[in-house]
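Labels run A, B, C, D and E following the written order; every chain starts at residue 1.
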Amino acid sequence: MRMAVTTSFENSGLSEVLLPAIAAETDLDVELVVVGTGQALRLGEAGDVDAVLVHARTAEEAFVAAGHAPHRREIMYNDFVLVGPADDPAGLAEATSATEALARIAAAEVPFVSRGDDSGTHKAELALWEATGLPPEGEWYRPVGAGMGAALNTAVGMGAYVLSDRASWLAFGNTEGMALLFQGDPALFNQYAYLPVDPGKNDDIAGDAAARLEDWLVSERAQSLIDGYRVSGEQLFTFNATR
Amino acid sequence: MVAALPLTLRGATLRRRGRRLVGPVDLTLGPCGVTVAIGPNGSGKTSLLRMMHGLQRVAEGAVDWSLPEAEARQRQAYVFQHPIALRRSVLANLAYPLRLRGVTRAGARAKAEEIAARFDLTAQLGQSAPSLSGGEMQRLALARALITMPEVLFADEPCAALDGAATREIEGHLTAAAASGTRLVMATHDMGQARRIADEVVFLLHGRIHESGPAARFFAGPSTPEAAAFLRGDIVE
Amino acid sequence: MVAALPLTLRGATLRRRGRRLVGPVDLTLGPCGVTVAIGPNGSGKTSLLRMMHGLQRVAEGAVDWSLPEAEARQRQAYVFQHPIALRRSVLANLAYPLRLRGVTRAGARAKAEEIAARFDLTAQLGQSAPSLSGGEMQRLALARALITMPEVLFADEPCAALDGAATREIEGHLTAAAASGTRLVMATHDMGQARRIADEVVFLLHGRIHESGPAARFFAGPSTPEAAAFLRGDIVE
Amino acid sequence: MGDLLAGLGEALRLIVTLDAELIEITLRSLRVTLTALVIACVIGLPLGGWLAVRRFRLRRAVIATLNALIGLPPVVVGLVVYLLLSRSGPFGVLNLLFTPTAMIIAQVVIITPLVASIAHQAMRDLWSEYHDLLISMNATRGQRILTLLVDGRRALLTAALAGFGRAIGEVGAIMIVGGNIDGATRVLTTAIALETGRGQFALAVGLGLILIGLALVVSWASHWVLRTERQGTW
Amino acid sequence: MGDLLAGLGEALRLIVTLDAELIEITLRSLRVTLTALVIACVIGLPLGGWLAVRRFRLRRAVIATLNALIGLPPVVVGLVVYLLLSRSGPFGVLNLLFTPTAMIIAQVVIITPLVASIAHQAMRDLWSEYHDLLISMNATRGQRILTLLVDGRRALLTAALAGFGRAIGEVGAIMIVGGNIDGATRVLTTAIALETGRGQFALAVGLGLILIGLALVVSWASHWVLRTERQGTW
């Protein structure tokens, strides 16, 4: 079976832990198609993949409402973090909330890289800006229209701040001169959900396999793997599926 | 076998970018004999031969063979003023026209070797054709044209690069071909050669046929002063 | 002005893929006169001229000018057996060697027009050179070679495609050039021409100089049977 | 700079340890690209020859169009092939999406105009040399094209190598139609893109060096096989 | 199929409304690509000519290498240029990263081998025709190359157009070094990649059609200007 996932999931490296376990325990051969959030949902809509794993709640709900998936199953979450130049010109380290952190960036007019691609991360970022009440506009605000990895690379190259999911940041190799500067606000919560594609779309959709994968993903075995996944000693994802 | 000849040209005219290169030409080419086109440089000998052969489309008038054009073309061969060699060996060049006609590789090879011997090219068979000397190249071009035993052979100054002995030998091949039924249409600057082998002469001047007729009569006494001047080797205006 | 001549060949040999095309040749070319290379097809006339001009590197022996090679080359010109035309107009072809030497566009143009008039190419000046007729092309090649007034001119069968009148006219140009100091080295198949203009004859056979000497003596009575046979137009083995 | 050196080290490490995954994706890269190249040559070389020997009214426009199609943006080609092969698309029943076949299709679309353009350009000169002779010998159109292809084979090498290079280095289209699925459609370029996205530059550069090495080997080998640049003219 | 038609509609809409952003990124695409092409031609055409006229021991190897470099994977080129231009890299002080200049640099690296290879191939034939004459006339090496470039200009058009096509459709490298920054470095191809990632396939196809249209206009115009395919040989 094929599952479309977002780049942040693939970049985190979690898939390399889960896939072998899935193969061993359910004899499902899961192939990951790694694309942007919008593209992932379009692949599901066209029936080209059997399931979708993304993190963009509004879009997911619309997907279910349009009948492309029978339901949406929350699996796990991680969180977003604000990353920026290690010398922290905007003083994020002193911020007490995510909105305050962004407000500091806007006030200092230091470069900020935005995904700008309508992905889950991008939507979360826009929601945060809205909460600050400040319009993210100006020379310092750089929407790069690219995936998480490319946006991180751009931010590193520019010495800019960027909102990243924790997983992508921790797994990221090119961290030169950059540091994690703000984290922990509940507003930065990032929920991943599993959407099995409606098997009625065409005959080739492996609805049965998608259901079995869903069962595995919410199993205790999956929970221990997800919660136990560490990069540089840090836990990346937290399992929160309801059984 | 129906013959491709006679060939009839009626008011045939060749133009290039507005300029009239040849014509209008009216001419009938009967079934046998040797026709030699003569005339000063740039008078249109090459253009006339190319037009007859169908390499150049006429702007006005008509060039008619007795057979449909494709069939007639199949029975002709042409030796160019600047020989064109395929970038292959001499052997492959000789075999090429036969291969085009579907002759087997072995059959074509045998025939090519046979004709190479007749044209004194055996030593060069394996050599790359573009590296031949001027005279060898011209012999190759002639041999390649004759290998299909064409009904009509156009030859544009086929002996210009040949030494005395080779010229006479090639003339021998040409007259032998003519005797065995190949209609020969040839352009030459060598008046001695024209005298030796022509049955019929076409004297061109400024793209038109200025005088034509049986060779014997023409060389004995051309009827126009220009032709007379040309035969004397004087400049013709 | 120091002269590029005399040219000395000592044991000069040309090879291609193991085969000896020419040589070993020992020859000295003095400062004036007309040397004509004759010999059957494939005897190595073209190869000898190319070797002297430096177009082909010798495998053994030496080709020595009295000046360093680059300077000597600057004073030579070569007319190829198959004329090579730049894909430009006749005017641009004529002006090209002057432009290479840094002559201004206007200056080169004026000279080109002047020489075109002498070689009867004025009507063709704007025409694309590759579309010239065989004889016109050969006149172009000669004119282009003479436009720089070279000290040495190599000409490989420069009249093969020319009609009788043009041949005599070109011979006139060549002897005029020779008279005004251009050293002429020429290959030809036309024994009449060789007799008319040669001061010195080099008779080649199988890539070697079989006989050479003053033209008058050679044509009056060659000392080898092969040369005699060649002059009679017989096949030379 | 450090990353570049590290990339070199990475490339060496992957090669000397004969990394199993590296071998797998390298072989897949080669298989996809060579298959696409063969198809593109089978279409493009005769097409180039045909355009060289055939005179028709729209010829110039066709050649100019072919030249322009070299610029087909890979992402768009990928997208269009995706839409056609998608299960909801017209060829969905073939179930080709996210398979090497789909990648081959996309690559064929991308490189055929390049191969045909270069081939046409190479054979146009040869045709102007052969034109009179082949017309005079009454060669059929097919025979003319075949003769040009055979006698111009060394010039066509550039066309084939350009097509190979374009295909082996391509990533935009095959990413979309292949999906970069580990073990199924991952090839060198998509792996490089993945590692770049992960910020693993040394690994990405290392894979890139291996890819360039592959292109060098293929180019040298084909030049050697065709014995180019040896003899003067042919 | 619906998406393809919608893409056509989208393209028409963008064009007839003279969408300001479309015009901006289209002009930027053209500026970046044409600048890169000019630089690549200034390097590649004489290099191709030089390889045609010069005989030296490693010539074959150099030509084969040049042919292989056509296959430089754009992502790797982008990465290396990124590493060189990044603030911690050797040319960091120039502050060129994420500017159109960086994109031009990457494109020059990508298309120069293609331009030089095709140019070499085109001029090799012409050189074998002119060889004897130019040697005999004692033309300097520069004059030889210049003559080949001038007399072979129509054949070189294919080289230039291939380079243009490759550059205008390229996305992998310029995405990395340009960053696809809205209003600064976004060009047609990066916009297409963005819309594809967003699942806005119609818009992506629409932009793609505009890009292809651009390539067609450039190709037709240059064929028309050089009056190719008009006269027989030249």
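Everything that follows uses one rule, which is that a contact is a pair of C-beta atoms (placed from the backbone, for glycine too) under 8 Å apart; a residue touches a chain by one contact, two chains touch by 3 or more.
All values derive from a computational prediction rather than experimental measurement.
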item: Shortest contact path, chain C to chain D, counted in steps; value: 2
item: Set of chains adjacent to chain A and to chain D; value: E
item: Leading chain pair when contacts are tallied as C-beta pairs; value: D-E
item: Centroid spacing, where centroids are CA-atom means, of chain D and chain E in whole angstrom; value: 17
item: CA centroid of chain A to CA centroid of chain E, Å; value: 36
item: Gap in Å, rounded to a whole number, between the CA centres of chain C and chain A; value: 81
item: Separation of chain B from chain C, taking each centre as the mean of its C-alpha atoms, in whole Å; value: 28
item: Multi-chain contact residues (two or more partners), chain C; value: 131
item: Multi-partner residues of chain D (each touching 2 or more other chains); value: 89, 196, 201, 232-233
item: Where chain A touches two or more other chains at once, by residue number; value: 35, 147, 150, 153, 156
item: Touching pairs - complete list by chain label; value: A-D, A-E, B-C, B-D, C-E, D-E
item: List of chain A residues in touch with chain D within their complex; value: 2, 7, 10-11, 19, 31-35, 46-48, 147-150, 152-153, 156, 171-175, 201-202, 204-205
item: Chain B-facing residues of chain C, complex; value: 16, 39-42, 46-47, 81-82, 131, 133-136, 139, 156-157, 160-169, 189, 191, 230, 233-236
item: Partner chain E, residues of chain A touching it in the complex; value: 35-42, 116-119, 142-147, 150, 153-154, 156-159, 176-177
item: For the chain E and chain C complex, residues of the former touching the latter; value: 129-130, 132-133, 135-140, 143, 147, 151, 231-234
item: Chain C residues within the chain E interface of the complex; value: 50, 53-55, 70, 73-74, 76-78, 80, 84, 86-88, 96-97, 100, 128, 130-131
